[in-house]
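Just below sit the structures, each encoded as structure tokens.
In what follows, subunit A forms one complex with subunit B and a second complex with subunit C.
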Partner chain A sequence: MSTRSHRRPPFLLLAPFFAVLALFWLVPLARGVLISLQTDTLFGDAAFAGLANYRALAADARFAHALRNTVLYCAMVLAAVLPVSLALAHLLRRVWPGFRGPLQFCLLLPGLTPPLVLALLYLMVFHGPQGLLNKIFLQPFGLPNLDWIGDPRLIKFSLVLLMLWRWTGFMTLIFLSGLEGVPRAYHDAARIEGASAWQRLRLVTLPVMRPVTAFAAAFLLIDTFVLFEGAYVLLGGSGGTQDAGLLLVSYGYFTAFTLGNFGSAAAMSFTALPLLLVALFALLASGRPRSGRDTRKDRDGTGAAPVSTGTTGGEVRP
Partner chain B sequence: MKKPAVSFLSVTLAAVVFSAAAAFAKPLQFWVYSQKDAQYYSDMVALYNKKTGAKFEAEFKAYGYAEMPDKLALAVKSGINMPDIVQFDEIFFSLYLKDEVPFLDLTDRIAKGPLKSGMLPQRFGVFSWKNRIYGVPQSTSTVVLWYREDLFREAGISPNDLRTWEGFEQAAQKIRTGSRHMLAMDWSYLPMLVRQRGYDLYNKDGVPLADSAVIVETWNRLAGWIRDGVSFMPGQGGIFSPQFFSTSVAANGVMSIIGPDWYGLDILQNMDPERKGRWRAMPLPVWTDSKSKGRRNTSMFSGQGLVIFKKSKQTEAAWKFVEWVMSDMDANAERYLQGNAFTPFRPAWTDLRYAHPEPYFGNQILTELLMELAPKSPPGMQSPAHALIVNFLREQYYNSTMNDENMPPEKAYSEIKATLRKMGYIK
Partner chain C sequence: MSTARPSLTLRARLRRHAPAALATIVLAALALAFAFPFVWMFTAGFKPDAAIFNPFPLLPERFDPRHYVSLLSGEWIPYPRQFLNSLFIAGSQTVLATAFSCAAGYVFAKFDFRFRRTLFVLAVLTVLIPRQVMVLPLFTWMNDLGLLDTPWAVIFPGAATGIGLLWFTAVYHRLPDALPDMARSEGAGEYRVFLITLPLIKPALIAFALIQFTLAWQEHLIPLVMLFSTEQLTVNIGLASLNAGSLRVPYGLLMAGCTLTLLPTALLFALAYRHFRTALGQLTET
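The block that comes next holds the complex of A and B.
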């Protein structure tokens, strides 16, 4: 049989997938681009407006505020969820194997729960003076009630807690898989060299888990960036008090459905898209294994020599 | 290779034919806010056909309060699966006033029938724009003070003490428990009390925030109630959220709530069944200052009504049903008895089915109070900025002005006005 006929079946088998992708992704994407170039309101005919919507966004202080909030919020979520998940994964590895399965299931539950349901539960926990958090953890100790969702100083923090609740379990399992994939020999070698637990984490575990961490971070970044259900239930689809919780998705929703300005909302989405792509690219690129020995410039506190991590030219492999 | 392509085409063709056949057989599409409303209107379709001999068919879709406007916007925008009749909230109705109004102009139709003279005239205003009527309201939305009779008795407060807002504030001093407040409040109190004073968030031409001094003064008064402990703000969702009922109300932390007729008839009864028999209703305390026009002891807030889309292929059939359901005695009585709303169609008020003690409200004959107050309620007005102002108040500013000294009502008001001016709603 010829080489060309060998190549044909895989492309034919993939064709339905690409057809569906084109129909449900490319076509709406193209339509979205078109809408962003029009003055497209709820009623009336859409008129071509060129880059007017994009120019208006450049002068829109509320859009800039939403963008800043979104970037800050994404950074806070990554900074909160990833370390906690990694720590939990480490702890989970030390748990008696019989308990590990049920614990893993419990960790997965928030991730399996529909985000809308989670947000409603969250509302009960953080709701006003009678919310569970105030009633159980603050009032009995004589501490003043906190307005978790109404106080602009706490809104972002509350949204971060929602993501921490939702994704920590899932990320923990991802990290657990990554930790299981770190060759034991690396840790043994590091231990022999006199490396402490912290040094083994920093110089062996984390570098080897770089691709896993990058994947987890990218996954989390995408979900955080497009978070809607949480903000919708907690803040009514807006930014909350003083727009403290205004995110790009919330502002896009407000622009489309309250102002009836679909063109501007579409322009918002496409303005934010390059930022997200750059961030994702940077994250995924950081996850690529590096070539060469993973050496340190300075000796560490123990005076031990830098940890060597490979036997094949020094390249670190998971 | 050809077989899969033929199969795909056959399936696609079958789907197209089926859809076309389904489209021709479609009954009138009727969107409502809840299953309860769907049940009511479904019952009324059956009654309508029975009483008039019509062969009216309607298919009901129930969407939540917040979801309905989004679904409708998508249907309107795409032109797919658009409804014929919508039970629409007057706040979201305002979203469709910026451009050509997509709803059927009912002005001339109403003039020819029983609704013209029978309907409480001030209620038409909430579904009118530029002197044309586009919807028929289903409730009076008359505002009263819903209060806990048992907690009032415990605190030694009599409804007679609450004839004025000054009296109300004094009575609030008798509440000494930290977790209990005289009043639970949210953003909706600002428009209700501004209207009670004879003003509104817009003028008759729909220009927003024309009565600046009174709006800011009222807003400051409400902020003062928070500071002085007369009232408190529930969390997200305000006095309409299930969490408010399962926490503050259940803990007996709320002694009274200001709200329209449908708030008590629908929301209170459904969200707080455990406290059946303990709630009552009374007129609002009056404003005694010189700026307030008259000593009105009621107000008006929001409410829903029926609108018909211009592009519906069954506008006449839809209108005949709407006119009937809003003017028929049985239909109006059922709307009240099923716990939805008190009708603004005055001839129906003579129906003895309304004049019965309400067990939930301690056997109070609620309709006596509503019939006394409804004619005194202020006129409803509309503005294309209405939904936007509600959004600003509810989501962005109101909570802040109650809790943050860096955001007094004057500042919030100025910012809202500046934003509306920038968006072109104020010249």
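The block that comes next holds the complex of A and C.
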């Protein structure tokens, strides 16, 4: 562990980051708050409206719906992608060596693709009677077509599947690196103590990988929250049938740039933002080692408990 | 697993190889499902429009480059121009975001100064706000700055990232002080010392730049809002406009265009994969 130096820091190195932060985060943030307190107008003279936009939002059933959808959708994506990736990472370690590279590349391919392209491909596979799934797997057996994009019961599932397709490769890669970082000795020790495979996963692997997992989960959550093209392309910019796929980001875009209600759209962002930030911080904080700072000094790993290793990933404070 | 009565050695061999075989088969099936639409997309770029929605037969009767020719000649959209726009935007954003967060992370990890913790929390808290959530005030702000419909309206908001700051602070946190201290004792100034540390964290730099480029290349909402003239659009927005056309959608052309968007990220990943793995490994290393 390095020690922090007390000599005069090279402040100029901080300057660019904080310049961008001030100009393109703080200024828009302040302006956004201002816009959210004004009446809905495009550019012209907006009148101060106080909390009217927020009050209107509280009464807006569609907004409540979008909020609920978004929370549910994010939770579903995290709950689907993380365990699947962890399982795949375990499998990948067992695969015949020559197959590893190509398999990894195939899994990673969707992650390297613009989500717009993914959504288009997804449509080709899943969409209506034209879609590959219905044409190849359902129709020949006389089964009715499933409308993956139109059926309100399936829309959210479709969106989650799209994210699963997009992120599994990356997450698997991250977990694979994490798994390789778990010292063999820990596993051997646990095995000698008579721990089952499940116990080893829960008590050895997962604690060691917690920082990495937290990092990965935060990344995934941000991308899931803001990903726009999925819902936009699949559902044509609307919320889909019965608004089953209405997400905050698409509803906000619709309100701002289709309806021109800037005030309401800004109010929407600022209502949802605290939720996202709280979730992100909870995730990142959960990645910090539980056993506290004292063990962290033990950098050589001599006698360090497994829980105290890998201190870096999710650290929120320097 | 096997109910027959194999010889002992066969059974032993089975037991030894079965897990690997099973893992390979399961993963291969999954990888096939993941990658199949891409194969379809690739071959569809050579098929006539009418045949595109049926993936079988997978291979086109002959590899007809018609769609690529018409795409690159700019008959429908100025594709080459939009491709370059995307490259420029994603490239600049990557360079700036990597340089800025790396420099800031270095100072936060290696120096103690007043308000360090406050500044750090402020920075992370603010910059963790996804810029997509702020797209509306960003739009009016860029309008006031006169940057709308220029690449800078997309590049600047991506030039700092909260995840990047966290990443580089963590990376520098793990970097021992021996080498920088040696440089100091040789009389190097603080800025020079920072430059000297850069080669030491090369894998982390490359890994971050790789992720950053991939995400910037994929960005959709910000360019959709900030850019409007066809000549300024990024490749994603250009392709989306093809798909949204009210007249007939040129599917073959679209598939060709989609295939080409994969090139930069796939190429970079192939080149930098090793560093990416090293950096990830170092973060979990005990």
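One rule holds for everything that comes next: the second predicted complex is superposed on the first by the 278 of 318 C-alpha atoms of A that agree within 3 Å, B and C clash if a C-alpha of one lies under 4 Å from a C-alpha of the other, contacts with A are read in each partner's own complex, and residues count from 1 in each chain.
Here, a contact is a pair of C-beta atoms (placed from the backbone, for glycine too) under 8 Å apart; a residue touches a chain by one contact, two chains touch by 3 or more.
Computed from a predicted model, the values in this text were never measured in an experiment.
**Student:** Could you look at A:9 and tell me whether it touches subunit B, subunit C, both or neither (first, second, both, neither)?
**Tutor:** Second partner only.
**Student:** According to the stated criteria, A:25 is in contact with first (subunit B), second (subunit C), both, or neither; which is it?
**Tutor:** It touches subunit C, and subunit B stays clear.
**Student:** In the superposed arrangement, which partner chain does A:241 touch: subunit B (first), subunit C (second), both, or neither?
**Tutor:** In the superposition, A:241 contacts subunit B only.
**Student:** When the two structures are laid over each other on chain A, which of subunit B and subunit C touches more residues of subunit A?
**Tutor:** C
**Student:** In the superposed arrangement, which partner chain does A:262 touch: subunit B (first), subunit C (second), both, or neither?
**Tutor:** Both partners, subunit B and subunit C.
**Student:** Once chain A of both complexes is superposed, is A:152 in touch with subunit B (first), subunit C (second), both, or neither?
**Tutor:** first
**Student:** Would you sort A:222 into first (subunit B), second (subunit C), both or neither based on which partner it touches?
**Tutor:** Only subunit C is touched by A:222; subunit B is not.
**Student:** Let me test your reading of the model: by the given contact rule, A:249 touches which partner, first (subunit B), second (subunit C), both or neither?
**Tutor:** It touches subunit C, and subunit B stays clear.
**Student:** In the overlay, answer first, second, both or neither for which of subunit B and subunit C A:124 touches.
**Tutor:** Once the two structures are laid over each other on A, A:124 reaches both partners.
**Student:** Answer with first, second, both or neither: which of subunit B and subunit C does A:272 touch in the superposed model?
**Tutor:** Touch status of A:272: second partner only.
**Student:** Using the superposition on A, tell me which residues of subunit A are in contact with subunit B and, in the other complex, with subunit C.
**Tutor:** 43, 124, 130, 233, 256-257, 262
**Student:** Tell me, which parts of subunit C touch subunit A in their complex?
**Tutor:** Listed in rising order, the residues of subunit C that touch subunit A are 19-21, 23-24, 26-28, 30-32, 34-35, 37-38, 40-41, 53-56, 96, 99-101, 103-104, 106-113, 116-117, 119-121, 123-138, 140-141, 143, 156-157, 159-160, 163, 165-166, 169-177, 190-191, 194, 214-215, 217-218, 220-221, 224-225, 235-236, 239-240, 243, 254, 258, 261-262, 265-266, 269, 276-277, 280-281, 283-286.
**Student:** Please give the residue numbers of subunit A that touch subunit C in the complex, ascending.
**Tutor:** 1-14, 16-18, 20-21, 23-29, 31-32, 35, 43, 88, 91-92, 94-96, 99, 102-103, 106-117, 120-122, 124-125, 130, 132, 135-136, 165, 168-169, 173-174, 177-178, 180-183, 208-209, 211-212, 215, 218-219, 222-223, 225-226, 228-229, 232-233, 249, 252-253, 256-257, 262, 265-266, 269, 272-273, 276-277, 280, 284, 301, 304, 309-313, 315-318
**Student:** Could you list, by residue number, the parts of subunit A that touch subunit B in their complex?
**Tutor:** 41-44, 123-124, 126-131, 147, 149-152, 233-243, 254, 256-260, 262
**Student:** Show me the residue ranges of subunit B that touch subunit A in the complex, using the header's touch definition.
**Tutor:** Within the complex, subunit B contacts subunit A at residues 66, 69-70, 73, 76-77, 95-96, 98-100, 102, 179, 232-237, 241, 243-244, 246-248, 251, 253, 387-388, 391, 394-397, 399-400, 403-404, 407, 423.
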